[in-house]
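Sending over a structure as structure tokens; questions will come in a sec.
Chain IDs A, B, C and D follow the sequence of writing; residue 1 opens each chain.
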Amino acid sequence: MSMDLSLHLPILQVIVPLLAAPLVVLLQPRNLAWAATVAVCLLAFAIALQMASRVLLGDILYYEVGGWRAPFGIALQVDAVNALLLVVVSGAASLAALGCRESLFAQIEPRRHPLFFAAWLLLLAGLSGMLVSADAFNIFVFMEISSLASYILIAGGPDRRALLAVFKYLVMGTIGATFYLIGVGLIYMMTGTLNLADMARLVPEVADQRPVLLAAGFITVGLALKAALFPMHVWLANAYMHAPHAVSVFLAACGTKVAVYVLLRIDFSLFQAGNLDHSIRFALFLMPLALLGILVCSAVAMFEGQLKRMLAFSSVAQIGYILLGASLLSEAGLTSSLLHMFNHALAKSALFLAAACLSMRFMDLRIDSLAGAARQMPVTSAVFVLGGLSLIGVPGTAGFVSKWVLITALLEQGEQGMVMVAIVLVSSLMAVAYVWRTLEVLYFKEPAGELKFAEAPPLMLVIAGSAALLNLVFGLMPAVPLALSQQAAQVLIGGAP
Amino acid sequence: MTIIFSLFLLTLLVIIAIAIVHTRNLFVCIALMSIFSLLMAVNFFTLDAADVALTEAAVGAGVTTVIFLTALRLTARREKREGTKASLLSLCVLGITMLLLIYATIDNPTLGDPNAPVHVHVAPYYLEQTYELMGFPNVVTAVLSSFRGYDTLGEVFVVFAAAIGVLFILDARKGTGPEYRPEQAGLKHHLIPKAVGGLLVPFVMLFGLYVQFHGEYGPGGGFQAGAIFATAVILFSLLEGEQAALRAVPRSAQMALVVGGASLYGFVGVLCLLMGGTFLDYSVLMQDPVIGRQVGIVAIEAGVGMAVCGSLLSIYHAFAARHPMEGRDESV
Amino acid sequence: MNLFEVLGHYNYWVFSILLMVGMYAVIARGNLIKKLVGLSIFQSAVFLMYISMDKVEGGTAPILQSGNPGQLYSNPLPQVLILTAIVVGVATLALGLAIVVRIHERYGTIEEQELLNAD
Amino acid sequence: MILVGVAVAILTTMVLAVIRAVSGPSIYDRVLAANMFGTKTVLLLAVVSFIFGRTDFLDLALAYALINLVGVLAVLGFFESRLKAERGRVDE
């Protein structure tokens, strides 16, 4: 009866939050559902850290659910590509649940808490399940768990427009997931297997057949929809804007990135391995969209009047950076792409946490109405400054590191790369503009009347502050995430799933 | 033979689908949807997918139709004339996409080709090993609950998510709704529904039990049984009224089914893990691995049945017990 | 390509047609319930595609018959996947309908154009 | 052979039902057609399971018959509640 829990880490990452969800539904009293959720999120975070530390040492964690060998049963695998994202996902869930306690209690009626927090755990479980799975259909199942949970969470927003936003998200999300399902079906039709490694072995034999090409198209478009790649991002802005603040923090940090991960994993390991044509098509499809997304959405963010919508558009632009790096098809490019997922999560969660803090004292978050907030809320404003600097990519912050790696990767591309470097620099200037616009209002604009209120509640400040400090920590000491990202890029380029 | 049947039924399917999109009356649209589902189910049946046909009938034609109707009662019955501006353009784009898709399927293996990749890799293992490993003949049940039991766990939690989502969004968890309302009195004052329907409720339940426990030997299993059980209670509620149904199976009992079913599945999985196997490896549950698997499968199928039944019921009641004027925005 | 091969792809043609018919309802129709109906046709098309793969000529449903050792059976795997997918479809639909009901309660309409004008 | 003949006959009536369901004109026609279609499905299923030689699938037909009834009752209930709601509004 001796058992070693460390052998079961990949499955525990998923089932701890998954199985906790129905139990949370039963917890009635006010703080209990929240406390249990935080505890489970932190436990998941600890599991993710444990796995990441083992992956860093060169381990690959492999798990066969139900004891069935790989192509016959469902396998899980944690390697460098998903270990870092698991940390991001469970970390974001913990940060958002812990750091938005008061905001959540203000926005969600206590009697609805158990259901809300159950959905919260389901979202965490769904995203983790997508990340650890090495089975194409299993990814779909967990994608749907995470999607349904995020619809529920966003629909918790108090404004009635949240309902419209979530309906749009539901329709587009379902189309995206169904496209993915069609793609998986077509590959299954041509190979007879659902296991990613087994598929990677068999796809090259049939790579030139039309169903496989079609599958690549369906999967890429479907996941791009889920990842809110420009111009398929229309669902995202309002969904983030009207969601409860805590949900915005959680989703902005990791919601779309998991879809990007699945896209990269499937595309690189199945279609691109040894198929130059496909690699070129992949790059040709993603690169222009990524560049356009960076430019257009940064520009939109510059003129957006609502703080959270501005941050949402900036998120779409950042997805552009992530996919631009991937579309270079080089090791350096992929490194920047994976590293940026991590760093952007740090920056965006700090910024959305600051927004949540501001929302405790301001009725609505129009940027103009925040005038002079820095006097009353110095810590919150400082968090916003740090997050903003990291978003822009100022040296010393986490955002700088990934942008630096991206620019290095672009420069490897020769003349074409120079143009893209220029675009990245222009959009960074735009980021300066939209971050500065908010800072100016916070710090230098005279408030309309006299402001008489205190800082946000202490727990929120502590968490927001530590999120902001993490941006500095990983800006000055980027070794660990950088090493993991490099390792991951090698895995992806090497073609082994 | 199969191909001729399919040809015919599929053509009907396309006609119905176009009619569904064409009609403006949402009620008609739902009626046609139920035909669509039945046709789809017959198609599945002719394509040898008996389990799927049963599910599609129970869920698609049964529960979905009922939920659609109850939701329709709370919203509008007709669709307004104007479509969106993009309708003509999208028609062209989608038409071209369709032709491309048809062109791309030329390389697909022909229907029924025994040498298609799907029939030579992975699947033969299931067909050859099931009897030896599980000791029962329904390979679909074996794959569903054991080989790919982890997917099914996910599926149970998808249903769980839908149930808590509907309850959360409609905020319909507590109480049995406002006071008694005449329009929810049910159909029992009509002779024929009373005579026929009342008789049927226990038989539907019995049939549900049969599907639940015969799932290893014939088409069926926890999922279909849960849907059929929910159908029985919905039938009862249609006849006797919402209040009577909620007295018979109160909301707390529905929630207990959902939570209990999902937890039972998870518990079996964790138990396997604690007894030294991997998650959901039922073979460690007993001395004899075959019996262990059978025990595990019966247990998780029971969990699936409970969770599905509870979820579908709580979704149905969240819609059906709601008053059309409840939750109205004051500003509207 | 003989007639048999053409007819053997008919299922996939119907899949393509249904996919696009459903998509059309989602994109071009303004009524939110109609959009959900379209979405469910769209998903049904995919079910059809998967189930079409499982058929083996001369085979029967994969419930083993003990008296019949030489019997061919159709592929169980797509059926299992679609059982799961049907459930996912219903779950999404129920959630979508709940949202539509709330939209109707708070806006008084479920027509897209009127909703866009409302805010 | 006779089974195939029966199947063809059932398919023909299914087409007739579909024509009624699609063309209407009244809602009553369509609902009736939908119900009739359900009944035909049950029959077709039974016949097909004999043709395929898998009579153990007859319980599927049973399930369809039960479900069809629930659908019809739901439709009736829908109309009745509509009717009552409308009448209630007139009374006020």
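Note that contacts are C-beta pairs under 8 Å (C-beta built on N, C-alpha and C of every residue); 3 or more make two chains touch, one makes a residue touch a chain.
As the structure is a computational prediction, the values presented were derived from the model and not from experiment.
Compared on C-beta pairs in contact, B-C and B-D come out with B-C as the pair having more. In this assembly, the C-alpha centroid of chain B lies 13 Å from the C-alpha centroid of chain C. Chain A and chain D have Cα centroids lying 47 Å from one another. Per-chain CA centroids place chain B at a distance of 19 Å from chain D. Per-chain Cα centroids separate chain A from chain B by 31 Å. Among the residues of chain A, those in touch with two or more other chains are 137, 141, 144, 148, 151-152, 155, 160, 188-189, 194.
Listed for chain B are residues 50, 72, 101, 105-106, 108-109, 116, 118-119, 122-123, 126, 148, 151, 154-155, 158, 161-162, 165, 169, 218-219, 329, each touching two or more other chains. The set of chain C residues that touch two or more partner chains comprises 19, 23, 53, 60-61, 63, 77-78, 81, 84, 88, 91-92, 95, 99-100, 102, 106-107.
Under the touch rule stated earlier, the contacting chain pairs are A-B, A-C, B-C, B-D, C-D. The touching residues of chain D, counted against chain B in their complex, run 7, 11, 14-15, 18, 21-22, 24, 27, 30-31, 33-34, 37-38, 41, 44-45, 48, 51, 54, 56-57, 59-60, 62-64, 66-71, 73-78, 80-82, 84-85, 88. Contact residues on chain B toward chain A in their complex (touch as defined above): 101, 103-109, 116-123, 125-126, 146-151, 153-155, 157-158, 160-162, 164-165, 167-169, 171, 173-174, 255, 258-259, 262-263, 266, 269-270, 273-283, 329.
Those residues of chain A whose C-beta lies close enough to touch chain B in the complex are 1-3, 8, 11, 15, 18-19, 21-23, 25-26, 63-68, 71-74, 111-112, 115-116, 118-119, 122, 125, 129, 137-138, 141-142, 144-145, 148-149, 151-152, 155-156, 160, 188-194, 202, 206, 209-211, 213-214. Within the complex, the chain C residues that touch chain D are 60-61, 63. Against chain C, in their complex, chain D makes its touches with residues 52-54, 56-57.
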